[in-house]
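Chain naming follows the written order as A, B, C, D and E, and within any one chain the residues start at number 1.
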């Protein structure tokens, strides 16, 4: 009864005043309703930062076998499908958040004619750089890709229209598009994390869902200390300590995007 | 200034109050949810049929199609089959174009006396656009509502719902037809109010259905997007009506009164329908200027009440003028 | 007005039926794509835009090219173009419809298309592109309709149309500029990262658009009683001539900057197009064909004697149109993605379903163009009868 | 002209169409479906909000949740009673209501709505291997 | 005409404004220049029509019978039961307003009650009051009003400001035809003797003498003989038309206006020349009739019954003379009656043969039941089969446009046939703007019996849309001649053109045929049928 009377007042308000009556409605609603309103907030355990960053100590990850557990951890956690080229006949539908590539591919502008032999063959782990000044965010026409206050370049799969402007904008090739329904290509499913629908772009999310629960990203957890994750803006953080004490490089700094992923070579 | 639409608006407001008060305060859900809809349906069906039968009782004494194109004539003259149909099937096509595409309104022009002394007739398609939007949107809304009256819901109805909610806007996803309906009604109303000549010819009976249909669309949209009613409970009632398995009174009373306002509006529309200009739904099929072939010279049309009339025969005529005719050398039947 | 589009000869009906057939086919394949995902195209993780977006780019040019008749007529009072401005405006409408539909079929989630306006994002060039394209479509519809209606009535079009006409001139420039900005503002795509991209687009637009218009004018003269006029066609031909020369000149500027500086980011894409990269080069024959077609057309057009011969002019225009299409519709988008940011080469070739959908989109454009031109020509014939 | 037959036939067809739901149901009852609660849900007694409210507004709530979680990074919902919940369709709602077919689908099918939530959110943790 | 301002001034005084009052409260003024004089009681008596009396529309007292409301009510009821068109049109109008600015009287006078929808509402309001439940209960709120004297006068005024041209019907989404409503309304008025004289007297004439003008048989023959003399003077060929000739192949009936007044007379000369040519070349016998000497049917503007009474002569005469079929001349409403009513009312014409053109062998399939063929159908067929020798150069001083008459256009679909004849007889032909021709054609403003002298203001304002379109081609292409296939057009357009578009004259299509047709044995013509010098013959004429 209570509820319906309020609704009636609302309806009468709208009918009488048209759409512009929303302040009136709110007044009605506030007047008749219970005092408390539900709230949303961050969890108590959440890990938060001003700009999350990652340091990859490539010296500790020298073979593909070293990288595989990290990649697997990431892809399993996030239900990233493996669309086997052997099955579909081509590699066009590939989706990857975290993968390995060669030095020359990861750092084409740092290519040296005569390179350190070990580095030349060392596999490099690449992923979304969660840039400080991300061109993909600038390109997205719907704010489906956006930069969170903690520096993570996040994606709202509900809002993505699949225009792929972000893919063209990303100078690191960090983004994948769901050219088809990914579910049939999931060997196992992490029930706690959604899959994607066809027609949206996806990429590394720095494990926001784990950070919310106070956990480090899956790859960091699986890296046995080869990956260091932390707040780049906090001078006291571990990551800053690592950066202070090691020479690091970032990918394509000349483009001015400000990658938040650093490599110790 | 214009009492006509104020009366109509008032009538619709009173109707909404009646249903609201009747269900929210007086708890007459059985009356508004069961008795009134059944009665309305009965009145609609019976009176609709009756009106059609009354029309059918008046014969069509002459074949008077309005020809809007070249008729069938000499074999080498290209004719316009559907604006000047000659056969039954051409008439069917003409009627289909008329009813499904609003062919005649599509010709609509707007006259303007220009300052330079020219009268211009511009193609004016807004009326056509909003009229056809209104009708099709209403039709889609009706078909979509079959989900409340059928169980299991047929695939076709689900598919229509999917198409109608194709654009993912809002929660629940908006059905485009609802908003198209409300928008078109609004424009048709504004047209009536703002165009002086249209305001001049409009009756209260022209505004009332617009307000009523807007009320239906508004309460529908309101239930779906603003205050959410218990849809399954509503369907239990609506499906109960058609299957004669009504839910318990307490369950009916649990449904928001706005639902009953909506249902009452619909009931009023149904009951009002056969007594109003809305009967153009049936009448459009019976218009003798449209549903007859233009073949009157080729196929004789019979007038059931044709009766002999007094004529001035040739003999009477010759009697009047025989001498003069003879004098002028004109042939006559009788010489004297 | 519209009755002209409904009635027509047997050939007209056959043409419309054929177009409807193609549209039906394209729509059917699109339903498949809608159901399966964009995986039925040749697009990939590396080449994430392809044929669809390339058609957007090319047809934006055709749409913008229409302004080459509007501008001389309204700004320079070049009376002769009064006869064909409506054709330029209607061509723009059809081209814009192809553009917009090309974007729609390229979307992974077309049902969310209105998110672009529900969540307006002024920092996204794509947001602005939707604004300018729809705006230009709207302008041309309003202007074209009113001007044609006035012509039919023998009256002057309403006064409020005039400012819209003036607005439409810079707006035409804007549609191609904004579309170029889609590409040339992206870091890490060396092929597109050039300030001259928008001027290049405009130059090719002002060549290809009027070239198509010339071809359409010649066709109209053949199939109807309305003659767009020799003077008009020759004036257009001159515009095409200068535009194609400027287009080629801009291209050479690009080549110079890339190869004199020898910055790999800028040269690799061009190399991929013209000589192939790491053994990949499906586009090499196409690109040479494009260059030869455009250059030959330019030479033909620049010689007055050839230009004045309408038969040869038609051939030159067709060559130019096809050449420019290969350049923008095949090469430009692919080459931007090849090699990818990690300097890997993954080529792109459109698939049959992709082509079928594109064909359907073009068929819609052709249908709209036919309807609009039929109407315009019908009224021109009627007024001159 | 005698077209009475045609008109009566037309009226009969019209009435048949208008009353189609009556024929279709053939008096077959289909009462409002009752969603089945899992033992876990029964035990919990209360949902995030009261049952009537949830019944009517759950789609809105989920929509607000998703924006809060995805865009604002806020994952905890404090309800009217001050109780906290993890805002997650997959991990909160479907954890308690692990029987989508008997819980969600019943009403959704009855009302012929097919939300696209399930395109991504894994529908039934118990059934999926 | 003299009290009217100059055309340009009049044009700029037209205002399309609505009064502040509701239309039911806006009084009707029956004003000079707009209304026609009341029917002469003698004419009504001649037809035994009800309530003949002297009365004057501008006087307060119309001398109505005491039970006039009952008569109207009963008449209304009877017509609702007899005509589905009337019943349906009373019920289904939604007042969308599409018809409003389609009416030439509304365009020209700006009087909102001349909007077709409102003209019909004049009757509908009474219908609602008398015959619908809503109207009976809710009264004015439901748009109902009782039948009062004011309402009757309003009916009379506006039903005689409608020329039954059907243009509104083309645009109505339900095909509501104001002509149909006007016909019913005028029938009801006739029950009270409220006809206008310009209709009643021609009807009485037609009933007795066979034609509207009351031309008696000998005079009719005299007039045609007079044309024969003229033709001989121009062409050097003497012809002898058949009158009331039994056993002729074809009976020819045309409006008597063509026999009586310029420029229709030139069209009549065209017919004579054509028939003579066919007789000489192919031995075809066409006969005129003095009894059925009227194609037009002003009964159509009175009542269905009167229409039938006048129309009956056509079949009766064809039967008496034993002709094979009937040929009809150029006329507007005559053809509406023939096309849509004659066979139903006075048929079946089983005593006639299915019309076949004996010269070309063409079967007129479209006229196989009514057995009456339009002369432009006939002539077009002859031209198509190359049966006529034509010299269109003799019409070179004519720059022509063609006015589709309302009834052949919208009640028949006759659009191409006259154009075909025109294109073969005249080399300078320009169409008026598309929205004013063919099915969109505008009335001459004087149709349905309104071509009297006293309502000239109404006729000129009502004719404005048509004249305005003529003016357009006159200024653009130098059009100097308005062609038509209607006797009323020929009678009224000269006035209309003089007022709105000086410099444009009026012609029938068969005048063009008469000029172009090369008669066997004719001398070299120096003038056209009007006696004007032919192009290139000016010098010879001077000598």
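The rule is short, and it goes like this: contacts are C-beta pairs under 8 Å (C-beta built on N, C-alpha and C of every residue); 3 or more make two chains touch, one makes a residue touch a chain.
Values in this document were obtained by computation on a predicted structure and should not be read as measured data.
> Just to be sure I understand the contacts, which chains border both chain B and chain A?
Under the touch definition, chain A and chain B have C, D as mutual neighbours.
> By label order, what chains touch chain C and chain D together?
A, B
> When the contacting C-beta pairs are counted for A-C and for B-C, which pair yields the higher total?
A-C is joined by more C-beta pairs in contact.
> Averaging each chain's C-alpha atoms to get its centre, pick out the one most distant from chain E.
Between chain E and every other chain, the largest centroid distance is to A.
> Taking the mean of all protein CA atoms as the centre, name the chain whose own CA mean is closest to it.
B
> So what's the Cα centroid distance for chain C and chain E, whole Å?
Those two chain centres are 55 Å apart.
> Where the centres are mean C-alpha positions, what is the separation of chain B from chain D, in Å?
35
> Distance between chain A and chain E based on Cα centroids, please, to the nearest Å.
Distance between chain centres: 82 Å.
> Could you please state the distance in Å, as a whole number, between where the Cα atoms of chain D are centred and where those of chain E are centred?
68
> Could you tell me which residues belong to chain A and also touch two or more other chains?
Within chain A, the residues that touch at least two other chains are 197.
> Quick check on chain E: which residues sit in contact with 2+ other chains?
Within chain E, residues 433, 472 contact more than one other chain.
> Among the residues of chain B, which ones contact at least 2 other chains?
55-57, 59-61, 63, 107, 118, 121, 168, 227, 286, 301-303
> Where on chain C does chain B make contact in their complex?
Result: residues 1-3, 109, 111-114, 118, 149-150, 153-156 of chain C touch chain B.
> Note which residues of chain E are touching chain C in the complex, please.
Going by the criterion above, the answer is residues 430-431, 433-434, 472, 476.
> In the complex of these two chains, what residues of chain B are touching chain E?
7, 51, 54-64, 66-80, 83-84, 86, 98, 102, 104-105, 107-111, 113, 117-119, 121, 127, 131, 195-206, 275-277, 279-280, 283-284, 286-290, 294-303, 305-306, 309-314, 317-318, 320-321, 324-325, 327-331
> In the complex of these two chains, what residues of chain A are touching chain C?
Residues in contact with chain C: 90-96, 101, 104-106, 108-109, 126, 135, 137-144, 159-165, 167-173, 176-181, 197-201, 252, 255-257.
> Quick check: in the complex, which residue numbers of chain C touch chain E?
For chain C paired with chain E, touching residues are 152-154, 382, 385.
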